[in-house]
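There are two complexes below, and they share chain A, which is joined by chain B in the first and by chain C in the second.
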Partner chain A sequence: MARIGRAIVRVPKKIKKGDVFKVQMVITHPMETGRRKDRHGKTIPAHYITKVEFFFNDKKVTTLHTGPAISKNPYFAVMMKATESGKLTIKYEDNKGGKWEKSVPVKVS
Partner chain B sequence: MISRRDLLKTASAGALALLMAPALIGSSFSRDMTLEEALKEHLGATLSDLTQSDKVRIKAPTIAESGANVPVQISADVPVEEVEALYIFADANFNPWVTTVELSPMNGEVFFATRIKLAKTSVVRAIIKMKDGTLLATSKEIKVTVGGCG
Partner chain C sequence: MKEKKYLVGIIAGGSFLVAAVTAQEQTPSHLQELLELGMHPGHAYVDEGRELFNTMKGPNGKTCASCHGEDGSKNLEGAYARMPRYYTDIGKVADLDLRILSCMTQYMGFDPKDKKFRKEFDKWSGKYRVPLATFVASLSNGMEINVQIDDPQEEEMYKKGEKLWFMRVGARDFSCGICHSVLAGKRIRLQGLPDPVKAKVYTHWPAYRFGNDRMWTMEDRVRSCFRAYFLFEKKWNEKSDWVKKPPPYSDWVIALELYMKHAANGGVIEVPGLLR
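For the complex of A and B:
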């Protein structure tokens, strides 16, 4: 699959101070369980996201520990409290040593 | 022409390979787990340690068209400051553990949404681990027409 590890992160455009807003993300990833076989009967090796971390202005907000039971091209949504404007950074890695990072600005008014 | 000795050699090698096959399969696949084993591994708890609570809510379809992609949303009416982590388990999966979400006060509220795979019709459990060690749980059965674990 092309572009494994690419992510789209979405936060609301208008956030008021004190609001709780939703952060949504989708990662392009096969999430192979290691149980499936290809058409030659060979087992497709396991390949899945193991960890996703959300940081806001370098402070950790949430850590997700994930396994192969998360769907292909995983979708995650968490809530966050708006205290100030800043940068939301999401770091994620898979069981084959892939490591990625994605940052989006968060504007709080 | 195959000699008797050769025949015996190949036959015994074949028998040995057959004997070893289950061991090889066991190492290349992740071991199947029961819900009790998964709870023990991730929470250090048993089913009887869970406190059923209507404060925890699962929003998910009752019937899922495909087990490969079942949307699940977990929320709870408890202050996020008192929560350590949130867990999702699917009883009938090969490994019932789905995910562990470590929350912090910066989350504002207890909420998590994702899409999960279900091998077959299964009870899905949401467990909230409080900082005082209490485990609040709720469950919902999701019927699956096509499995999604390969």
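For the complex of A and C:
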């Protein structure tokens, strides 16, 4: 499905210099644990996000190591601080080799 | 005397319980929290639809944006509030899904009989219909629903919809009106039964439903109702009609949509909705 890996990211519109603000995101992903079975009794292969990385102006902010215990279409929120405007890039990958990237502008006044 | 008093007490208590049960919101409280955060999984579909709208090219080399302007700025704002309506270029009363299909086949050059394309279009998990419909609907956010019935075709459709709403059909001898007009406000299992005609429920469709983690347009909703409650065939044939959906974009579905949306006139649109 083309829809897997699509993400929405929300950043507050008005940010003051040096303020701590919240970055929220939802990734569309099935997050299969590898333990569920389908109606024929076969196990559904595991498929989940393993890593989410936040970069601000090519400088790393945080890394989240995620696993199969997280729900479908997971929601992540990270508090961060910025002293200048720039681009927030979020890179995430799953255990089947999917790699995606999403970037949003951050305006600091 | 004492017994009578107790009886009255019990009856009063019972009615109180019923009252507490019936007062249920449309959006459950734990979902309301997500809405307030501004994080809504349905917005992923809106984003996807916007991307398709501006970049997807048909066989003619046209995109949606070449007629409607970028992000539908030219003539699409508020279009959803007037749908379903009669369109002269297709000669039919069309809802959002049918309108998108006929746009893609007439102006963008997709072949309506191409099986691969139709599969991709009709299925909920397909590429085109649901994201595009959600995006186009979200353009009229904050506007009032304003469905007018001026055309004779629309009038005919509206009458058909009203008749269908109360017509008891199928294996269970059931109609939409039994749940949504007669028993409206009560509960079925844990869900409140809304009254689409009085309560203006149409304002938050297309909606994202957590039950199966996907977006539903009204077309999907009505067709699934037909299937789930066996409303489809008047003469029920066990072999051919058991648990069958009506064909997509048929008069049955659009007539019901027109009836419900006309009843919701004046409601403010908030798309995509968020349901249990």
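Here is the rule we use: the second predicted complex is superposed on the first by the 107 of 109 C-alpha atoms of A that agree within 3 Å, B and C clash if a C-alpha of one lies under 4 Å from a C-alpha of the other, contacts with A are read in each partner's own complex, and residues count from 1 in each chain.
Heads up, the rule we're going with is that contacts are C-beta pairs under 8 Å (C-beta built on N, C-alpha and C of every residue); 3 or more make two chains touch, one makes a residue touch a chain.
A quick note: this is a predicted structure, and the numbers were derived from the prediction, not measured.
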Combined model on chain A where chain B meets chain C, clash or fit: fit
Which superposed partner A:M80 touches (first chain B, second chain C, both, neither): first
First, second, both or neither for A:T63, with chain B first and chain C second: first
Which of chain B and chain C A:R10 touches, first, second, both or neither: second
A:R35 touches, of chain B and chain C: first, second, both or neither? first
Chain B versus chain C as contact partner of A:K72, first or second or both or neither: both
Of chain C and chain B, partner touching more chain A residues: B
Chain B and chain C, minimum CA distance [Å, superposed model]: 10
Chain C-contacting residues of chain A that also contact chain B: 72, 75
Chain A residues within the chain B interface of the complex: 20, 22, 31, 33-37, 43, 46, 56, 59-72, 74-81, 83
Residues on chain A engaged by chain C in the complex (per definition of touch): 1-3, 6-8, 10, 24-26, 28, 72-73, 75
Complex contact set, residues of chain C against chain A: 34, 37-41, 43-44, 47-48, 125, 127, 213
Interfacial residue positions of chain B with respect to chain A in the complex: 28-30, 68-71, 73, 90, 93-95, 97-109, 111-117, 148-150
